[in-house]
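Both of the next two complexes hold chain A, though its partner changes from chain B to chain C.
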Partner chain A sequence: MTAITPVPPKATNAQVLSTFWAMVRKELTILSRYPVDFIASFAQIFIIVSIFTLAGLTFSTGGAASETTSGVVVYGFIMFMFVSDTLWTIGFNVRHEQVQGTLEQLYLSPASKFASLIARVTHLLIWTSLLSFTSAVIMRSMLGSLPVYNAGRALVLLAFILSGTFGIGFAFAALTLRVKETANSLVNMFQFVFMILGACFFPFSALPEWMRWISRLIPTAYGVDIFRSTLMDYPPGFPELAPVNVEIIIVVAFGLIMPFVGYWLFRRAEHHAREKGSLGEY
Partner chain B sequence: MRGTVVVENLTKTYHTKQRKGLFKSVPRDVEALKGVSMDVKEGEIFGLLGPNGAGKTTMIKILSTLLLPSSGTARLNGYDVMTDDNAVRATVGCMLMGDRGLYWKLTGRENLMYFGALYHYSPADRKRRAQEIIDMLDLGDLADRSVETYSSGQKMKLAFGKALINDAPLLILDEPTNTLDVPSASELRAIVRQKNQQEGKTVIYTTHIMAEAETLCDRVAIIDYGELLAMGRVPDLKASLGREHITRIAGVIPSKAVEEVKKLPAVSQATLGSVDGMAELTVMSHNGTDTLARLIETLSHVGATIQKITPQDVTLEDVFIAKTGRTLAENTAVEIAAKK
Partner chain C sequence: MTATALSTRKPGQASPAALLSATFATVRARLLIVSRYKGQLFNEILTPIVLAAMPILLGRATAGDQAAEVFLANTGTANYVGFMLIGSATFVIVSNAFWHIANWLRWEMETGTLESIYLTPTHRVFVAAGTGIYSTGRSTVGAFVAYLIGSAIMGINPFQGDLLIAFLFILSGLIPLFGMTLFYGALVLKLKEANAMLNLMQWVVNFLMGVFFPITVMPIAAQWVAKLFPPTWMTNGVRSAMLGVGYFFKEWYFDLAVLWFFMLAAPMLGIWAFKKIENSVRRNEGVGQF
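Let's turn to the complex of A and B:
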């Protein structure tokens, strides 16, 4: 009797990391094959931030007020970029690979599906970090003032916010596997809603009271609020949705719980797709 | 158990919805596999034959863990597709969707190295393995060009190379010669044979080209409407037709001729196809010479114009016709859901 085929031993952490990096590098390589997009994305972000900041400054009275205005807009927009990347890119990327036929290839291999989900957005996070830092430096030199306080705490909070939005990203990827192209329309709608209710380009005080109540139901809105309030060293009236400690608890809980919920939803959708044979459906 | 496949009573039912007007839909079940059992032995090239929609893609997708069966079991290399899916994936090399499944913005080499990474090869091993495959498939000139510049044949070749990346003892190749020109198809078959004979790899090979299966496969299974109709060595399957005589009649033949011919007492099967734009009636009979006169008479009766009559040896295509009652070219749509 012939022996059973030996399964390659369970991948070590180093191997999983090496595969993960290969996935990230693949995405970066593909991105680099579209150089115009690469440059345009930078120019676009710089233009948008400038417009909002300059418009905000027109109505501000200068001094601390203008510092707050630029902080609200620049950090709100940075947050918007990070959250948008994480929320939608995973799902879009899954759908793109499904159409391309490469999603089935991934499922033919023993590679970690979790790593592949994270890898889909890691390259963008690297790019967005670079953009954020550069645009913050440019805006500071342009405006002469951009508050930067409690940077370490803000980064830790950013990590929790991103962790939570990764969870929503997994859930959106699950939805994409289920509804396919319909997910695009949902994103267009939610992106707009998030932009308004998340108060990315203006303070929450600019929203009518009833809208602010809806904002209080959205964890990422607390993320935007606490991130920029922390970097602005909590000026009077900030954070706007809840006291500092409450917002921190919400953001930390969101960052700890949501990835598990999102991934659980994704695994369910994946199982459903394997039942229906729709992993390669296009 | 290395390089083996054991399938027992495998069924797959797709639960779909059939649209009825703008807002209404009714549930519809499509049975793509109906209790199929089969086995593939170590070191053989096993052909899975059937027209589009027969159930072979469903079978292949279950064996490669992309699809979950409704019931039954399938074990590859000793591992169950349901409970040991990662072990199955690690020990099987698959080429399932032709040139889909490649990253067109990456080069051929980058594709191979990326897929090597999915099997946890170290960067150095990925590089080495990619080069081996590039050399084996003679892709040297193309390797560092982006895949979007490849012809469809070259993409198929690279997709085949991708299936070899993990050097698995079992290869699953789903219509690998689709879109290849004749010399490239022949070259690919030669490599499959070489992998089988020199490295002892077991191969599951699906095709709808009977001549390809006849020359390449040690054993074949014929599958249609989700059922396994026949399985065995090609000579044995041909012999199973007994003393059947095969007569091919070309000309202008109306479709009603088939039913009329089937009514003749010695005729066991008759199908109408077309070759080079001309209708061709294939007739199986127990008594070729005696039946021929009555055959010609019947065809004249239904208004057929006969241009050529050719008695022939039994081919695998004839076995297929005998088992299914139709030619392989006749498509059914049972498995459209699985194909997409």
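Let's turn to the complex of A and C:
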């Protein structure tokens, strides 16, 4: 008699959504249990903003920054917060589950893995949006002026940039499964590299020409450039890396292709780890 | 009669040599652990350079060719690169001192060994001192190397001004700094999962020390608070000695005297705060809980 192996039923869309929502709710519940963290992160934003504002003012005459400078710093900082969250959080969470010893169990459950990955960032996006709005208001009051044009277009672009960084987030999670603890040092290093080459706190024109060429190889750098240029209504010299249309095409392509590439890489690393039996190892 | 019988030590009390040995064993253990993470060491050198690069690049973009001139008018020195590099290198020393002590306590809590440390005949102060010595060595060497590399990359002479006085300010600043780390330690003992608070404190430290700007650009009330913070005197002392930005009390020895006062006051206050929290934790849930 031939033994018949039952094929596990594929999760329906409703089940995937339900898993996703349950996980987002779980993350939000955890977040709400740490009110000190909540207040501390708001205060932290206020202090970071003050530090960079005061640093910027030491280079200005009359103690006021120009509208373009404010736009570059404020929108660059906002992009930095969003991109940092989406880039690293998925990998960090996978690592956290590994250390807690719950990653293997998660993989034994029929819950959607994709929903589980996305849910880890969703609550943070809500949180970062709130922080971004607050930091923009604070910086506006400190710097005197802040240009806000084409908000709708900028939001659409932001959605594509975030979609692309989700993809990099998946790829980084794949790397975390491979390199384990070393991922932490890699994150720190990449974050620094992104701070400089992504020109989050200054215009790209401040970088030497050879560095600007490296920036041109990084899609998130185009994200920073087009997002702030759009909100500043494309003042002379902006966007700095490429013409507007070219940057829009790059950002849209990045947002559409990268999630698939990143998720494919993650599935491969996950498959490899399951075959080797190292999923729960850390 | 043997020497042991004449000893004034209580039974179970460790000898000074044993205490010192425990301190150096801690230093060795910490160095051994960190040597396994070469990436961390690389990041430690990279951090001050990147931190300094951001305001430097922002300044160059904002003020263009007049960056040095405008900076001179606002701060007292045209060498904005040196100003930022000294600020960020000192900040890394200060920030690491806080983090290393806090992380050490948290790590011992999480691995379940903190309570055991309290039960050994070696007083915990000697184990903490080991972590302090390790932190000082690691951060000071890292900050110095970062300052040298940063200066080379950004094209400034790293050895200018009165280096001996600058060194004196760093040396005198380290003792009150480690006195203050006890506040951080107390915070970890009390709050346990204090990462968010520690992150926040790191930026507060950055703000108060005037890492990227002279504290004179801050509101008056904030300036007073900053002056109660020993690392502010250390940073300004080093900058004044090397770049001539001006001491708070005009002469270097007056500023150094203030730092010496902190050398006494900060450790005493830190020990008092730590003991108070420690006693309360031990009376209640115990130090082993996390």
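By our rule, the second predicted complex is superposed on the first by the 260 of 282 C-alpha atoms of A that agree within 3 Å, B and C clash if a C-alpha of one lies under 4 Å from a C-alpha of the other, contacts with A are read in each partner's own complex, and residues count from 1 in each chain.
Assume a contact is a pair of C-beta atoms (placed from the backbone, for glycine too) under 8 Å apart; a residue touches a chain by one contact, two chains touch by 3 or more.
Keep in mind that what you see is a predicted model, and the values were worked out from it rather than measured.
Of the two partner chains placed around the shared chain by superposition, neither chain B nor chain C is touched by A:260.
In the superposed pair of complexes, A:188 makes contact with chain C only, with no contact to chain B. By the touch criterion stated above, A:30 is placed in contact with chain B alone, chain C being left untouched. Shared-chain residue A:205: touches chain C; no touch with chain B.
Of the two partner chains placed by the overlay, neither chain B nor chain C lies in contact with A:213.
In the superposed model, A:133 lies in contact with neither chain B nor chain C.
Of the two partner chains, chain B is the only one that A:102 touches; chain C does not reach it. Overlaid on A, the two complexes show chain B and chain C touching no common residue of chain A. Contact residues of chain A toward chain C in the complex are 34, 36-37, 40-41, 43-44, 47-48, 50-52, 54-61, 65-66, 69, 72-73, 181-182, 185-186, 188-189, 192, 195-196, 199, 201-203, 205-207. On chain B, the positions that touch chain A within their shared complex are 1-4, 14, 42, 58, 61, 64-68, 77-79, 86-87, 89-92, 94, 96-97, 100-106, 110, 113-115, 117-120, 122-123, 126, 146, 162, 166, 169-170, 337-338, 340. Across the complex, chain C meets chain A through its residues 37, 39-40, 42-43, 46-47, 50, 53-55, 57-63, 67, 70-71, 73-75, 80, 191, 193, 195-197, 199-200, 203-204, 206-207, 211-214, 217-218. Chain A makes touch with chain B in their complex at residues 1-5, 7-8, 11, 15-16, 18-19, 22-23, 26, 29-30, 33, 100-102, 104-111, 271, 274-277, 279-282.
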